[in-house]
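Naming follows writing order (A, B and C), and every chain is counted from residue 1.
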């Protein structure tokens, strides 16, 4: 159950957007499709929604093959990146649109819309037009509109992309709670790895039209399958010719087991975190990430000689 | 469609097009249209500038007035000019049945083209660019010539091109005021009309083809001209 | 400051001499013999028939243009097909072609010896020198107005709202009526007003195809010329004023519409 795509291919005018993409999204989960822009993640979401038809492959929603069904028959809720608000309709009419298409009774539409407006905290804005709402409010209206038809799955395309940082944080937490309450299988597209790590039960990392890795945020961070995944999620540096996380680089004031000398080139103190750039005798550049307390003990200054090594538990990848 | 009627052979076509009266009417049409387009380029830019950058009472009314030539039937436009600048006009200027009258009629009907092409560009124009030029020591005139005008040029050319195309084919406003004297004040459209009336369809069609070709070429050139290179149209 | 004032003076002076004064003069001429003469000139059988015919032609041509214009704009904005670029570029052609040439082309195609004219004549339908011809000519010359207004709006709003409607269960037809049409309505109205003005005032093309049979195929603009040529200047001026008033009415409508449009933001 949930959503499944099998062997999806899609190209536009010879440009391959999706190349053999197979993804399984468990029922009730909150899944992120993550990746750099232009990598095909929005196309994948639109294929699932039926807004694009794949050249090859299948889309299954709750076990049913919907590959050839038009979007209107898929019972999905889709939230567009720029909300696609119906400008000439009030908030109330926007939210009730899907129900009117389904010819529900006036009374039923009214009560359902009221309920949803309560859910997205827009009760007092029911009679406004989209142009009179802030970005965050428009976003919530779009979400209520998508949820009104009780979709089998909820699809969100860069849902927080057009919002400023503070609103984005708020809405993120709110969406997480909402999804847990409603329990609908949800996929959202994002290019922001922090957003994906924070929200998702499962991340599908898409790059260049292919799935690089799919798994829990923990898996992708701790057990990256290739250097793209490792580099895309979290910081990396090289140590002994291998990729490691900067927080897995240890700095010692005196030589230790398997340590090596390095010169401190630059120290940037970013509040709690301190980043240290070093050059080893071999010429290798290394970045170490320390806490403020650790750094204070070492009293690092540019030009100092320290001793570096990787911590034992480091996740490491051949560069 | 019109080619169809040229089945008298290309010889007949050339004979018809190169008949002295046809040539005279075409020459007159292109010459007057060109002059009118050039005048429009200047006056249209001036009017657009005044409407965008100047403030005066009744500006909105004047702005609405610009479209009057588009909203009013061409015959009425012709009659209107005749009422003021004709034989019984109150100002003592009588240009009726002269080439000046043709130019006047064409200026009337083509007035909105350049104004309406330039106006939006002028509104969008970044004032900071002009202020930057002034801060670098340019005079008002130099600023206009070196900074404003290059930005307006595509719009002026497009507007003047449309005015030219319109002038080439104009009929209604001219027919009353020009007197339609062959070799003197007979423009191409009036010539065609006369030939249709007398049943000389070959001559009418031949001159029509010349006008039609000019329109199509002009339209293609204007759409190719499009935007200048420095405009990023996001395509 | 002085420079600015002289530019203003030049611009307004030009407009005054070219536009305002002549139009004012026609009004003066039409009413100089009093209101009675003015109305008398407009209520002769010839004038009344011309008005009737003009309104009839407009009533047919404008809705036809609106339907065609919306359809073509949708085709150009929402579909990809061969020859799209050519159609896009040539959509303005009726504006660039001389109305006389349009008239001649129609005569050649639909006249008694034309390709289609002979077919219609066989069916007992006369097009040229009759009302259908006038309607055709009017449709042709005002064809691009609705397309030109609607097409940029369709491109501007994009198809996201239509896609959203589809994900909410709307069919293409429902999406058109409930989403697309309300969004383009101001542009459609604007285009319709413009094509109404052109339809009421078309002269050259109608002049060629109508045959100008007094009391039969004579529209208002033709009637103006007829009266002028017949030295019945009062009637010519009165009819011209009627047409000018209609034109000014269109102008007022356009001003109001465009102000409302800029307020709504589409």
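Throughout what follows, contacts are C-beta pairs under 8 Å (C-beta built on N, C-alpha and C of every residue); 3 or more make two chains touch, one makes a residue touch a chain.
As the structure is a computational prediction, the values presented were derived from the model and not from experiment.
Undergrad: Using CA atom means as chain centres, which chain is nearest the centre of all the protein shown?
TA: C
Undergrad: Most remote chain relative to chain B, going by C-alpha centroids?
TA: A
Undergrad: Looking only at C-beta pairs in contact, point me to the busier pair out of B-C and A-C.
TA: Of B-C and A-C, more C-beta pairs in contact link B-C.
Undergrad: I'd like the Å distance between the centres of chain A and chain B, where a centre is the mean of that chain's Cα atoms.
TA: About 57 Å, centre to centre.
Undergrad: Quick one: chain B and chain C, Cα centre-to-centre, how many Å?
TA: 19
Undergrad: What is the distance, in whole Å, between the centres of chain A and chain C, each centre taken as the mean of its C-alpha atoms?
TA: About 53 Å separates the centre of chain A from that of chain C.
Undergrad: Can you list every residue of chain A that touches 2 or more other chains, as numbers and ranges?
TA: As it turns out, chain A has no residue touching two or more other chains.
Undergrad: Within their complex, state which residues of chain A touch chain C.
TA: Residues in contact with chain C: 49-51, 70-78, 80, 82, 84-88, 97-98, 101-102, 131, 145-146, 149.
Undergrad: In their shared complex, at which residues does chain B touch chain C?
TA: 1-2, 4-5, 43, 46-47, 49-51, 53-54, 56, 60, 62, 64-76, 79-81, 83-85, 89-90, 104, 107-108, 111, 140, 162, 165-166, 168-172, 175-176, 188-190, 192-193, 196, 201, 204-205, 208, 211-212, 215-216, 218-220, 223
Undergrad: Can you list the chain C residues touching chain B in their complex?
TA: For this pair, the touching residues of chain C are 3-4, 7-8, 10-12, 14-15, 18-23, 25-26, 28-29, 89-90, 92-93, 95-101, 103-105, 107-109, 115, 194, 197, 200-204, 207-208, 220-221, 224-225, 228, 236-237, 240, 243-244, 247-248, 250-252, 254-255.
Undergrad: Once bound in the complex, which stretches of chain C touch chain A?
TA: Within the complex, chain C touches chain A at residues 157, 160-161, 163-171, 174, 178-179, 182-183, 265-266.
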